[in-house]
Amino acid sequence: MKRVDGRNSGQIRPVQMTTHYNKYAEGSVLIEIGDTRVICTATIEEKVPPFLRGAGKGWVTAEYAMLPRATGTRTVRESAKGKLGGRTMEIQRLIGRALRSVVDLEQLGERMLTLDCDVIQADGGTRTASITGAYVAMILALNKLVDQGMLEKIPVRDFIAATSVGMVDGMPVLDLCYTEDSAAEVDMNVVMTGSGRFVELQGTGEEATFSREDMNLLLDLATAGIEELIYLQKQVLGQEITSRIGQV
Amino acid sequence: MKRVDGRNSGQIRPVQMTTHYNKYAEGSVLIEIGDTRVICTATIEEKVPPFLRGAGKGWVTAEYAMLPRATGTRTVRESAKGKLGGRTMEIQRLIGRALRSVVDLEQLGERMLTLDCDVIQADGGTRTASITGAYVAMILALNKLVDQGMLEKIPVRDFIAATSVGMVDGMPVLDLCYTEDSAAEVDMNVVMTGSGRFVELQGTGEEATFSREDMNLLLDLATAGIEELIYLQKQVLGQEITSRIGQV
Amino acid sequence: MKRVDGRNSGQIRPVQMTTHYNKYAEGSVLIEIGDTRVICTATIEEKVPPFLRGAGKGWVTAEYAMLPRATGTRTVRESAKGKLGGRTMEIQRLIGRALRSVVDLEQLGERMLTLDCDVIQADGGTRTASITGAYVAMILALNKLVDQGMLEKIPVRDFIAATSVGMVDGMPVLDLCYTEDSAAEVDMNVVMTGSGRFVELQGTGEEATFSREDMNLLLDLATAGIEELIYLQKQVLGQEITSRIGQV
Amino acid sequence: MKRVDGRNSGQIRPVQMTTHYNKYAEGSVLIEIGDTRVICTATIEEKVPPFLRGAGKGWVTAEYAMLPRATGTRTVRESAKGKLGGRTMEIQRLIGRALRSVVDLEQLGERMLTLDCDVIQADGGTRTASITGAYVAMILALNKLVDQGMLEKIPVRDFIAATSVGMVDGMPVLDLCYTEDSAAEVDMNVVMTGSGRFVELQGTGEEATFSREDMNLLLDLATAGIEELIYLQKQVLGQEITSRIGQV
Amino acid sequence: MKRVDGRNSGQIRPVQMTTHYNKYAEGSVLIEIGDTRVICTATIEEKVPPFLRGAGKGWVTAEYAMLPRATGTRTVRESAKGKLGGRTMEIQRLIGRALRSVVDLEQLGERMLTLDCDVIQADGGTRTASITGAYVAMILALNKLVDQGMLEKIPVRDFIAATSVGMVDGMPVLDLCYTEDSAAEVDMNVVMTGSGRFVELQGTGEEATFSREDMNLLLDLATAGIEELIYLQKQVLGQEITSRIGQV
Amino acid sequence: MKRVDGRNSGQIRPVQMTTHYNKYAEGSVLIEIGDTRVICTATIEEKVPPFLRGAGKGWVTAEYAMLPRATGTRTVRESAKGKLGGRTMEIQRLIGRALRSVVDLEQLGERMLTLDCDVIQADGGTRTASITGAYVAMILALNKLVDQGMLEKIPVRDFIAATSVGMVDGMPVLDLCYTEDSAAEVDMNVVMTGSGRFVELQGTGEEATFSREDMNLLLDLATAGIEELIYLQKQVLGQEITSRIGQV
């Protein structure tokens, strides 16, 4: 039984990552997964948020947004509404938390890393594409600090990437496109490290429920998909930078 | 090895639910789990949100807030700040989603159920206590509609309750109090039905990661804890109302 | 001629004050006057607002809010609206002003006292119940500072309590419940000290007016009611704490 | 003992009212009381607020604001802050309530009267000057409706005006200027009708209290001052319009 | 062919400037151009905005607002809406930029000049009247600093004034009143100096376009009108102050 | 004398327009002028804003935003600030006005066209690039309506494009990059039609002034630059679509 776009249940869509997409950011990547496109930029500032002042360590945070026509019908801008919606807050908190899980904030020093993930076009999986892309942008920015002698090592313990899995028409599938996502009974976002450990796991049955067996099938798919994404991250970053990760 | 408050790893705190706590709400309960206290009220309105107008079905939504001194140090009111924080939005979206997973919205008809969860005192697990209490308030409100002949049956497919589990000092524990929550390497919120299926699963390693084996241990604890909570919900609701649930 | 709930014109509703209702706040009380219930907590912070920095004196302020189902029909949260309403602002300014009238701000030192009054259930007289309860929470918090040796004396000159009076169907009545309040031609809130002096007096004829004679009758009722409330405050605080008030 | 500007304790400052100050408003007046200057405009719209739709009666509301340099040091605009302050809300609610007390809303019909009181220069007593001036602007607007045959009579039962009284250095004084207001132990705003009845009475002891005897002295002063203001309103409105008031 | 109010195409409306209109502001003027009336006040504060701290120079900024009944139908207050509209922002940025073009910010020193332009009545040309009036208020405030010995010279290089020109029914006209402005095919606001140089030029064809020839005719009219306005500014300021301008 | 990037004074930067850049929008283009990159999308909705309901004509509006790292240092998001800045409002009002000047709103019918201009990378001239690109996106969207038979003709009277000119070190130059823009004494944005008429002209001397002669030199440069841009628009749109413009 084929999926709506002809893929197998365990197949991810074509992935492309264009690094140095932005000439100003300390690190940047345009990540494209199928028709989902996200610009991820990493900004490094020599300051920390108020709650960390004088604590001798840094911080990593993320912001997420969608252009009005990232979606099929025009979405009103949150700047025009005058406030961030719940979905946006939830996603940017997730991205920040995911990245912080592998960063050694003490080694980072009193610096603030901001990852901006701006969705140019949305076809499902924008939050997981954001995490996968933001990781690359972050590494590029930190590597620049190493090259400039401002850091000895890249203060990152492991790779991370993320993908979505879900039950669609009773079948567990990997990397849902928008059409599948809208029809899914269960939707699960998984963030994992290069060593196969979980960073974040969010499974939701919107107007539905799922068994522990379903969950196990979904996690198997997610694990395989994330391994593939981390393989691609390593290719894009190149051998030299890759070898600098996990040295802390 | 004992926990900070003397409990075993798989033991939940004392639970108390005072129904009809509020004289105006269609359904209400004060739920106390250890020192965590949440007032849950259910409001039924004969209208639906704009996106459901004319769709012939209802909606269930939730709002969550904490009093300023629910916490050890005073928290600034979100009304004074002029906006809801990301944590609040995330939690109230979770509560609403969890309740909707077992409600038959068509049978509910063009009605809107709002569950207000106001934390009077917070000692860990406020979002899961809110779900467990809001479920009871919702059932009481719907049962009143049945008694008034406005609904034939309670349009709810199953019980749901929620609890938190986590790894604290490398040990998996059930129903974390605030002290444990602050120290946990992994924090997982689980929402399950009376028939043992997942509704929502949110596992997070803040500045840490966890293995699939850890996850399985945590889910075993959560499953047992939720069974206990649903047993208590049934006792509080009484046999007659309990027998009206799952008839749709 | 009896009132809607059988009381005499000069009779206040049953009053109950549960002290130490909250385990975190420096002082707290749950005040219940009839079906009106308000949680009052006192927070002491070792800082002052910007306009008092370096002035060598402290400040007392108050915040007031209602839970959505404190009222017969659900009230939209001010945090969801993104701003405080005029009624809320007016009430919390009144509570703060009333308490400040008896506090010796110099003796308080560079400290900030915040009284949070959260209405759990509203059946008329929430602002005056808030003042009466907040006074007790404030004294409990200040007494703790005395016990801890951080203050020599409780820096409070006198007791204060508040009640409402009004003309209902041409009859002056004390302590209006919601039904009476809605029907009143004249509504007056009175704050008085233990020595019988006025702190605040707010008389309003909504779509009506009142004579000076009416006013005098209403003030007589209010004076008697407030004496009774202060008697109850003294009982709840106990003889030892009571004896520490008015020593400045 | 003379006051700071040489007046007697019971003397009001020079009052001037320039009617038809604005060419667009249905009614308008520039009221000057000493150095306090307020532009009051009355707008009549053939609609009512949502809560009165179909109720067959009208509404009267007020808005109050100060220009940035109405005050000695520049006040930040509330439009720039993005919200109305508590003082503004309190005052505009007071003005609206005061005017509504003498308007027959049924006779007004499904119309909305908005009184805008904009303080050009503030030297104490801006809220009471606003009420006194807004009354005149309102009458001019309603009289125009009568002239146009849209109303049979001016639907207003009585005159109203307002003034402030207070205890300054232990002496009761009428119509406080800013210097006196800042130093007053007790500050009372009184709104009265042409027949000597109270509409609103707000007495406040900021960091002080007052006796019932003080109150009576203050009310005597206020009564005399308001009589004088109403005499001036009648002069400004002229005999013909004056004779049309109180005919409902 | 006469204009709607009988003027010739190159004729400005009667102009009146009442200086020292406000007793608190460091400089103030009420400018009236036809039925357009704007109160302009200048505030001098001994501080600079954050982006200029320690830069050894000052800043000039402006704010613009309209009273609700400055217009034919009542305009909702921006303070009530909770935000400034685009038109307001555009205008106040224009006024600030125009004034800064002739101020020597280094000579001004670490001071902040705020020009508040509040439109009491609007009959077209409020932004250009604001610039013309704000210039006078600014000079009066700076001259006071010179008189007080806090500045050696008025740190202003030249006069500036502004007017509007436009094509109405195909005819170029000067100083449009509201009726003309509403009907104009092209609307141009011009700010010029006493020496005839442009400071700002904003030509707009709303749903229309204009030729370079049209533009030249309009600029000729504007140049003549601004010369006249600057002549009047000099008369109002008097010879002594006028002679102090342009000395930097 | 060469410019900072080696161009002649009258030379525009390389221009590239990638049409159909977004798969969801009715019309879209990625416009790149030098290192300035803007995504322009056109949305057509079958509705009109409230002020045009029932007027039998349509509306064209625009929104403008910058990604946080469009700029050299990170810019805080307006959605996070909770309000649009003055610069954003000014620019999006300009874009909308410019496009409306050539659209026949009656022929457009009761439709709303929204042009979103999102700056991915900013190197000067983002508002003029937005106008030039938004015009192309708008034509593509309208042409689709013609192809679908929903419109008979493209309801657009002429081409429009925009560029910036300015005085840099006393030399008039065309199409300023960011470095030049920061140093310019005079900055002018010009919007013109295909037939050489002005739509909008905004010349500003920030802390400087300019003569009429300067203005004429700048307008000559702008005219030539805009001709070039319109030539490129025609190439990108192709002969068939180009021939459909100006037929109304």
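For reference, chains read A, B, C, D, E and F in written order, and residue numbers begin at 1 within each chain.
Note that a contact is a pair of C-beta atoms (placed from the backbone, for glycine too) under 8 Å apart; a residue touches a chain by one contact, two chains touch by 3 or more.
It should be emphasised that the depicted structure is a prediction, and the values quoted were computed from it without experimental measurement.
Counted as hops between touching chains, the shortest connection from subunit A to subunit E is 2.
Under the contact definition stated at the top, no chain borders both subunit A and subunit D. The interface at A-B recurs elsewhere; of A-F, D-E or C-D, the pair that shares more than half of its residue-numbered contact pairs is C-D. When chain centres are set by their Cα atoms, the one at the greatest distance from subunit C is F. Copies subunit C and subunit E of the same sequence differ in orientation by 120 degrees, per CA superposition (steps of 5). Spacing of subunit B relative to subunit C, judged by their CA centroids, is 34 angstrom. With centres taken as mean Cα positions, subunit D sits 51 Å from subunit B. The set of subunit C residues touching two or more other chains comprises 82-84. Those residues of subunit C whose C-beta lies close enough to touch subunit D in the complex are 83-87, 89-90, 92-93, 97, 100-102, 105, 158, 188, 193, 196-212, 214-215, 219. In the complex of the two chains, the subunit F residues touching subunit A come out as 22-25, 28, 35, 39, 41, 43, 45, 63, 65, 67-72, 74, 77-84, 88, 114, 116, 118, 120-121.
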